[in-house]
Each structure stands twice: as C-alpha cells, then as structure tokens.
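Read from first to last, the chains carry the letters A, B, C and D; within each, the first residue is number 1.
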C-alpha cells in the first residue's frame, strides 16, 4: 500500500474519499455500502457486497452471514479469492462468497462486487429481453447484460462452490453486470461508490425499460457513442460519483442513528 | 414438551431461537410475527397469524381482534383447534379464527398459519392464472397454489364457522398456500419464521409473475427439481431463515420503539 | 342531541367511539380523520373531509383551507349546508365546501363526506370502465360508481358554488361513491370511520381492478349478493370498523407526535 | 427591489410569502425548494433548482454541486445568466447550470427553473407519445411538452456549455415544460412554489397517463378551455399554491429536523 498524496487529492472530492487506501478504510467503506444498499432497498436479508483489500489484492472484505441492513465493523471478514476465510473467527460466512472471490480474481482492474435479487431485474432474467441503456444514468449498461443459466443441479440455484464461482466469473466476462436466471444479478465495479451507483441505476433502468416492454411501443435507446460518453461524464465522472455517494451516506445517517458518526478519509 | 439440548442447539442459529419450546416462547414469537407482518405491509388492520402451543398441540396462540401492528403479549389468546377460547377472558377473538384451528388440526406437521389480503395475490384469485415459482425465493410454491371458492352464502365471503374452517383445511390439502377467490390467501408452515418468509416471498413472486402476465411474454419458471432444491437451501435452509428472521426483527425494533427489548431464547 | 347510554354502548367497541354524540366529539373525530387521510396518502395538500354536527344536523365541521396533514382543532369551521360559514372567523374556507353541504343536505342518513384526488381512481374517471367490487373490502361499491361530467365552464373543473354542489348531490344520488371526470372522487358514509374505510378500500379496489384491465383477462367480480353480505360483515360490520379505525389512529400517533394524546369518548 | 406593502399583502397568503422580495428571501426559499424536491422524491443526488435574484434580474441563486436533500444556506451560489459564478468562492457549481441561466435570460417573466430525472417522464421522452393534461392539477401542461434531442456529441447527454444552454432555451420556447430525450425534463415557472407544484403534478400526470398508454384505451383529456381555466384556479390560483407550499414545507419540517426553524417573510 502506498500513501501517495497527489493520488489522494485526485480521488478525494468534496469531503469523501472514493478509493480506500488501507484495509481499515476499505472495511469502513464496505460497512457503509452495506447500509446504503439496505437503506435504498437494493438488498433485504439476502444478497451481499464486497471490496478488495487495498493492502492485499488477494483478499477481500465482506460481512459474515447477516443482513446488510445490520452490518457493523465487527461483522466484516477477510476472505481470500478462493473463498477461504482469512480472519480468525468461527462465525458463518455467506454461502455464495465464491461469486465475489472468483470475479475479483478474474478482473484485477475491479475492486468491488454486488450480488442481489431486487425485483426490477428478474423479468429480464426469465424472458429473452436484453437490458439496454434508456437514460444517461443507465449508460454503463451499454456493452450488454448477459443472463447466466449454468446452475449446478441440486445446489438450489445458488453459487455454493469455487467451481461455480469460476463459472460465474467466466460468464460475466468483461461485462459490468450479468443476470442469473430466476435469481438476481451480479455487478462489478472499480470501487464501492461506482458499484452502488451501478446497482441503483440498473434498477432504475430496468424499471423504466420494463414499462416500455409492457407498452409494446418503439423506443429510442442510447447509441453506443452516447452511452460511452454519458458513462464517463454523467454517472462515473468524479463529480456525480462524489455527489451521489455523499447523498446516500447522508440518507443512511438520517435513517440509521448508529451510523451518524461514520466517516472515511 | 421436552427440553432436549441437542435439538435446541440444532434450531438455534445466530442469536435466534427459530422453534419455540415453551408456551411463553411461542407467545413471544407470535407477538413479533404480528409486528413483522404489520411492519412489512403484509397485514393492515385485517388478517391474522397463529402459532401452535408447543406445550399442547391441541391449542394455538393468536391475538384478540386487534390489528397486528398493535399486538402486545397481553393481547394473545389461547384457542383450541375447534375455535373455542381457552383463555379466561371476555375480549373479542378474530371471527375467522376457524381457519387457523382447522388447518392446524389437519396438518400436525405444521405449526403456524397466516391469513391475509395483500393485494399482489388478488389478481391470481379472480383470473385463471396459476401462481408458479419465478425465483429461488418463490421455490416453496412449486406444488401449486389452488384457489378456494366454496363460500357459505350469507357469510360475507368470510370463514366464520368451524364447518367453513374444515372446508378451508380440506381445500388447502397438502399445499403450503392457497388463495381465497376475491379475498386473500392462507399460508401454513412448520414455524413462524418460515411462515413469514412464505408470506413475504409469495408477495414478491406474485408481483413479478403479474408483470410477466401483463407483458404477454413467454417466461422460464423453475423446474420442479430446481424448486425443490432451492426451497430446501435458498429459503427454508437454516442459514437463510435465521438471517431473514433477524433482519425482520431488526426492522421492527428500529420502527417500533416499544419492541426494542424483545427477545426470544 | 340525546345521551342514551344503551346506544352509546352499542356504538362503542374496544376503546373507540365510532359515532360522535356532541359537537366537540365530532370536531375531535374530524381532526383525526384529516390526519389519517394525510398519513395514509389519500389526501395531499388538496382534498377535504367533513362530518355533520351531531348537535345540529343543519351544519357540518370541516377544516379551513389547509392541508389535512396539518389540521388541528383550532382549524375546524362550522358551516351550514348551503356553504355559509357559521363560525365567527375571517379565515379562508375550502372553495369546494359546497360538495359537502349539498351531499349532506340530500342524504340525511349520511354524516360524513370525502372529496379527493388519489391517482388510483383517475383512469376510471376518463375511460368508460366502470369500477366493480373485486374483493370483500371493495364490496361497498356494488351499486356502481357513476362518473360526473357536468362542470360549469370557466370554473376550472372545480365545484365552486351552491348550484354546482347541488348538481354533484343529484349525480351521486343514492350511491356511496362517484368519480369526477379528470378530477377525483366524492365519497359519502354514515360516519367518519366508514368514510375512511371507503376511501382506503376504494383505492385498493381501483388499484387491483386496473391491473385486471391492463391484463385484458376475464375476471370474477363479486356478485351483488356476495357484495351486500360482505359489505355488512367484512367491512362495515362493527368489529372490522372498530379494528380498522384503531389501526389508523395508532399509525397517526406513531407518525405524528403532536397527535399522541388524541382521544375520543 | 421595491418594498410595496399592498403588493406584499397580495402575495402573502396564510403565513407564507410566495414571491421573495430580497436576495436573502430568495436564498431562503431556494433552500426550502431543494429540501422539498428531495423530500418528495423529485430529485435524488442529481438534478437542481434555481431562483432569480429579486435584487438583480441578471443573476440567480442555486446550490453548489451537492444533492438537494442536503442543501443549506451556505451552499447557495449567485450565478449570472451566462453561467459565471458571481459569489466569491472556490466550491464546485453544477455542471449543467447553463440550463438555468439560459432559460432565465430568454424568459424574463419567469423566475424559477427545475432540471431533473424523475422516472415518470422518461418513457415519454423516448417514445412518440405526447404528454397531455389528464386532470385539473395537470392542466398547466396544456400547451404541450416538446422533447429536446439536440445533444452535443461527446458531452454525455449533459448540457455543459452556454451554447447548449441557449439551445435548450430556444427549444423550451414559450412552454412551461420540455423533456430531454433519454435524460429528464426542464420546468420553468413564475416562482418557486409554482415550480415545485409543476414538478409534482407533472410526475402525477405522467404516471397516470402512462397507465392509459399501457391500457390501450381511449381516454378523455382536458380540453384547452378546461385546462386554461383549471390552471388559473385549481393549481396556480393563490389559494391552492399557498396550501400546497405550506404542506410541502410542513413535511420537510417533520422529516428534516435541521429545517424545523425555517421561515420566510
């Protein structure tokens, strides 16, 4: 881990550090990401989120088997990319942690993974309708959203082993999002703020697109050029990411009093 | 009632006792189930939930005629399976308590019953569209959801007598859920956490399936093999049930200050 | 006004007095009805509710021009059935108070009127699709819901005069509910608890029925016999009305701290 | 700026001053407008609102780059109509401030501008279905809602320059609302209370109209005469605007404790 001041100033916008530099900062950030995803209704009791350890790219941080709504610092486990628990503990990890490790292993440029089941994406996972970008905030979906359907018989449609995790990582490939048929979605991003933005705006895009599907009307989607440009400026640009993350944090602090003193960087 | 420590450890996960062992524990648990169902919007002023008495399989616990949102320990009545009030009290019971007693009598392996009217199931109760499992969390619906339509004329579409309760019990048969035409649904489960999970994910499954109905699109539902496997691991497995119940309890404690000291086991 | 103890015991269920006996009690009850309608999302800044004066059937109580969400005792005006303000005050009344006076004049058996614009009813007001009872809680709609379309040109689709109020009263006739084309609905009931129940379950019935409309599927509606029986027992019966009213009051007390000491009777 | 008492009494209804007379009052009002738009779900982290400076028609007030949900007095910047920051500060302004300045320059009779992305309008922005007034509260849309589609390639579908702002101002022309294809909408009004009403009832009108679109049914829209009359009395009349603004303020004060002492005039 390096402590490069110029890099720090580049990634610190407003009052928020977007990219954690230490294990401790990553743990703080993933606690907040859990709370945001619970508070915004992206995760209920099920589903999970992870962040790569900035001090060791071969491990990641994720809560033990507990709802994201309730996660605190003491619930965070360190896990290696094969799904082995590094933390000295006897608490139960998430059974589907292999999704996270396998994707982080296959995508060294990415540092954060989401797995969840919010309802807006489900219809697209069981019909042959591809998700496409509708607005600038859905632009990051422009390279397509494939649907995984290679479940291991008998595993209850869950991803319970390293082998299945690797299959998931191969399937998501270079995409930011894929769906799991009759189950939910996986999302990967460079950092937790972009990951949360991706989850929130995937839901919004899917919700609106489904209305278009129901209407049977022709619609104008973003062109690849528009989408690429919008992704870089309108959603993953430094300024919108900073503004969004601070907004979601402010909402957690308002709704969850035990988080009111949370800070990072 | 036995107090078998090894069985206790098997059913106590995390900090939660899933299966109550004493009448007192069952009463505590059914108070919380009422609050969860109110807090999650599954019940409003109407509808009710019950749990079998672990100390006497011939009686069950249920609130007096009051909204689930408001139930406290002192509102809980003991009722026999024929609908007679066992508790010494003059307060008014639910008029439809016969649903609960009759189902518990016909299903000795089950210990908890829900009756309610959340809107997501209603369209399926008045059209000829069968509810089918869409995702792993709806897997428990795989044996089908029949629709009851044998109301007693003049009883206002309510189940007001033992005779009607027995008709209900015959109709639900070996299923976990049935609908009542133009009215709502009954759900039965082994315990209250599984019952609440069934209500929440029935709503979710029905909500998503209705979108598929509206779209007129072909969709892939869970195969019976997938559904059976998913039911056992992804929703009624020890770990998801424990995580879900603790999540719903945490939400009640956040929203309903008078419940913040609630605990079981 | 009579103070008949036996009648009082007949109309007091649980801890709630359903039918106010004095002007003071009616004022208390209409304050709570305003708050309930605001809290449950049936009224926003616009729309209003009234109750007949039990001490003088020729006047009614209604808030001054203020959102129902904010109404307190000091905002309540006494108004005669022609829309004249009886209270000695200079505050502004609702411009559409003529709806209330005219309906109360034409329906001596009724004592409470609602006028509002919740979105679920609007599609039925601008298409030729009649609202029909879908479930037992929508049973009270069984005599039909006509659509008013006799606006006075230049009055902005509002009911601003006694003459227009009388037109409204003639149109609603013997019905409990009618719609106003491109505007909203009026509801009349024997008392405020039944009125609030009618508003809440009209919204629910319209919401579900619209889903049936969208699906294009055949559906089974309540037969007139079923509906009449269900209206008398399942929604307007003493027990459900009492339970519902106490539930809505409990929710107001939880969400609106300034109402926590409210009581009636 | 004049301080004409008779005019003041004309524009002050109930306890609210609708039209600010000083820069300080305009700043107070735009802080509240930000909070209202956040609290009512019209804006999330993105989108913005502005008000013309009553003491200098060549400048306007708007928050720095921060979510409307969080805005306080110290976040408000003074900006000229070309988008130059007048306030002595180094904080970051909104990148799309050119929308506001250009519209205020082209519309001297208007004093407040909204730019946002609430989902209800998006389907209308990507299909060829014109928004039309459905109810009296949507009457202000009667002159039509054109759809802008003249984005500058490479600007990510954002309005990032004065040149693009001028294109936006030309496109909205004399309308109160236009949509931006695959992006959102701009709204302009005489003052902030009318602007907020326009945003809230545009959402409501679009939501209902979309249901009509989905149904494929014929529907009766407001005639131009009805709409004009309804706009003047039912939504932009002094009494409804006053009642609505006080309602939204009351909701902010209930949900956002740091705003409970806010007052204007």
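We adopt the following convention: contacts are C-beta pairs under 8 Å (C-beta built on N, C-alpha and C of every residue); 3 or more make two chains touch, one makes a residue touch a chain.
Model, not experiment: these values are computed from the prediction.
The chains in contact with chain B as well as with chain C do not exist; no chain meets both.
Using mean Cα coordinates as chain centres, the one most removed from chain B is D. A rotation of 180 degrees, rounded to the nearest 5, superposes the Cα atoms of chain B on chain D. Centres computed as Cα averages put chain B at a distance of 47 Å from chain D.
If each chain is reduced to the centroid of its CA atoms, chain A and chain D end up 33 Å from each other. Looking at chain C, one finds that residues 214 touch two or more other chains. Chain pairs that touch one another are A-B, A-D, B-C, C-D.
Per the touch definition, chain D reaches chain A in the complex via residues 44-46, 65-67, 69-70, 92, 95, 117, 119, 122-123, 126-129, 151, 153-158, 160, 181-184, 210, 213-214, 256. Of all residues in chain C, only 14, 134-137, 139, 204, 207-208, 211-212, 214-215, 217-222, 225-226, 229-234, 237, 239-240, 242-244, 246-248, 250-251, 254 touch chain B in the complex they form.
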